[in-house]
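What follows is subunit A paired twice: with subunit B in the first complex and subunit C in the second.
And now, the complex of A and B:
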């Protein structure tokens, strides 16, 4: 422990929001440390996009509040948005009649921190043709333009909602490489909402898991690696896991003497619980981020 | 991160200038169509001037045209812009209500530019045609057009489907007018549409109506009975009407822009 208190780029306090009868967010307390790459994982409709819109003050929560760099998003909407580079989930172009170059100039006029030289470099890297009308762009081309718009003012916070959606594999790799380069050059906190976890695995150092609007887990990548593990366990014949051992993805060997599954918790605690339940842990293996995320998403829902 | 390292929000002047440029670009297509129409009309009037029969071009109630044009102008300014929900416009680092009002201001700048061209065009034609008093009095045209533009902007900003509301309202009045006509209750010489509703008639021809706002309530007849042009100078009734309509327009616009205010 360094003793230096952790500061958060994003902090939400009891954030709740409903769309009619649907719960989008339920008492969500996000903590995104400054300088981190935080991956917010969840199925479609889990509330990831809504959380980002609340942070930009595009949506008003029914309860709770959110802060970006200590600024209340409701009271300081414009100041908050000046710190944010945002890629929305939607690919629908807003000004189809405009050329890409003109849109860049339009957006640049609203960001005093806009770095024109960097914008030109990004245009080159992402292969954006400035003379193209926005209405004629494909999904992937629109996404690349959105990346240029989001990065060119070197925002302290990037909110990326399904950022690789619509990109071909080649461009996806190039985009993620550029994002990594950007993070190396500019002090940036990144919050990525995605269900394509594997794509951003190399960047992530913090993880939050949203399930049906609830934040069911939030931890560092290291904690995730340490506490979400796959166990191979030898069990007596006819063994049934006790309720306190919530095993995700439980699989039994053909003979029924061995089970495999993912559990959340400190390895020593889990091993002790297995032992207490009459089973013996034979093997423990770490998971990829995607596997761990799937386990966390399934954990509470596992009957 | 401390306050010193946070990025600044843009200055209002920068935003306003960009919005003016943006609206100018957006209206380019409409401007080209308008220029083509003006060119054709100018050609026809030129022929009539040469024949000595150009005064018929000045016998219509121009204020109706300008009022309609100004009222509908915001529809072009906000064309295809997503105004409700988490639209791109609202992701910009500017107070949302201020941004909406700045866009309205940008549109007004272009409306005034168009009006200036129109008045100059009409002035030149009036001189060439030698129709006495065929000039538009600028303050009346500017203030009247402004009030109509602000009302139109309030409609576009405040309603998700302004065109549907507008067409729906027009449809209701048209039906009432048709009903009145069928019942034989129209007043001779009056517009059947306007006579269908006392409220509408008061709104247009009442002491503080649009007619007074845009024409100062008096028409000057020049050359022939058919020639009606703006001529009258501002008077107390007109000033009262202007203040009333501008207050209503600004209030409506503020209320409409407030639908997009920051979610506090």
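And now, the complex of A and C:
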């Protein structure tokens, strides 16, 4: 883009965390530019939820630190949480005895920025019934209530952990549309942790990939589109890829004269390396976000 | 104007939106001085990042396909004609897709052009 230095809504420095013998985060340096929609991709247990909890100071890292809008999350937990709309992975509500309406009033009182008119509109969009007791809500209904709570104070940062989990397809579409509208109205940085990558494909402009607690890739959607590509290659019979060509999801044609797989790198560079290895690139196709993520999650796909 | 996006298309979404606007202009479903949906409306309708819509609109404005009237919205340029530039850029986009497809199938540009001409001469295609 330009030479203007980016400011980061979220930055972590050497974040590490273990649960017993399990590594949740290993030396993670996240950089989430202000105003971006950053999707954090990873398998179950890859550390996505832990990272978000550290950002809210709900978990303390074993090493490293995190900043939200320049504030150290360990030292300024309450100030940070006041600037964040959070959808937790869990659907377990905190106040099962309260009605939805009562909880909304309760939460509204905590946020000076609470927008009552917008809250009423969100209640309508998400079909939240104010007289219902929270403890009786289904998974999807809880999610919808959580969306109202997260958006109504128009926080500068949204942390959404598996946000569409539990929503039916119709509500999922409505939620994504509402999110797009919200972004048009309020300057917001959004961080979405999900393994349903396809759903957020058209919203995301930055991507981070966590594998077993390590951040193995972090880039803009445009860079991902340019540098993670599927190659179909004509090869001599019995051809074996040299070790410097790291091919994810390698497939061979019957007869073995054509191979296909995903590689990370500049297209011209990858093509030259294939040529040097005695193969001829016939076809290069861009990938969907989900396909690219799968390639980055596969061990052999990363540089 | 109806905008359709295809995540499998592989081109950035802002380019797809630009082509959809050009298509509407060429087809005449969008005419000079017609209003375009606001960034907010189109972003919500397509569930895309509003920045993507803004980027498409900015590029189209630079190409003088559309213009912004302060406080009123975005409109199709009065000078836009269904022929001229928009037809050419739309044709270029369609041709590029066909060329790519041909190359993928091991066909040359000459083979593709010849076949298109042959097919176009037939009445049933």
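Assume the second predicted complex is superposed on the first by the 297 of 303 C-alpha atoms of A that agree within 3 Å, B and C clash if a C-alpha of one lies under 4 Å from a C-alpha of the other, contacts with A are read in each partner's own complex, and residues count from 1 in each chain.
Simple rule for what comes next: contacts are C-beta pairs under 8 Å (C-beta built on N, C-alpha and C of every residue); 3 or more make two chains touch, one makes a residue touch a chain.
Computed from a prediction, not measured in an experiment: that's the story for all the values here.
In the superposition on chain A, contact of A:288 is made with subunit C only, not with subunit B.
If you count the residues of subunit A touched by subunit B and by subunit C, you find the higher number for B. In the superposition on chain A, A:78 makes contact with subunit B only, not with subunit C.
Contacts of A:266 after superposition: neither subunit B nor subunit C is touched. In the overlay built on the shared chain, the residue A:168 is in contact with neither subunit B nor subunit C. Of the two partner chains, subunit B is the only one that A:156 touches; subunit C does not reach it.
Within subunit A, not a single residue is touched by subunit B in the first complex and by subunit C in the second. Those residues of subunit C that touch subunit A in the shared complex are 5, 7-8, 10-13, 39-40, 43-52, 103-104, 106. Residue ranges on subunit A touching subunit B, taken from their complex, read 7, 9, 34, 53, 56-60, 69-71, 74-75, 77-79, 81-83, 86, 88, 94-98, 102, 106-107, 109-113, 153, 155-156. Of all residues in subunit A, those touching subunit C in their complex are 35, 37, 173, 176-181, 183-185, 198, 201-205, 222, 225, 232, 282-283, 285-289. Contacts from subunit B toward subunit A in the complex involve residues 1, 5-11, 14-15, 17-18, 22, 25-26, 80-82, 85-96, 262-264.
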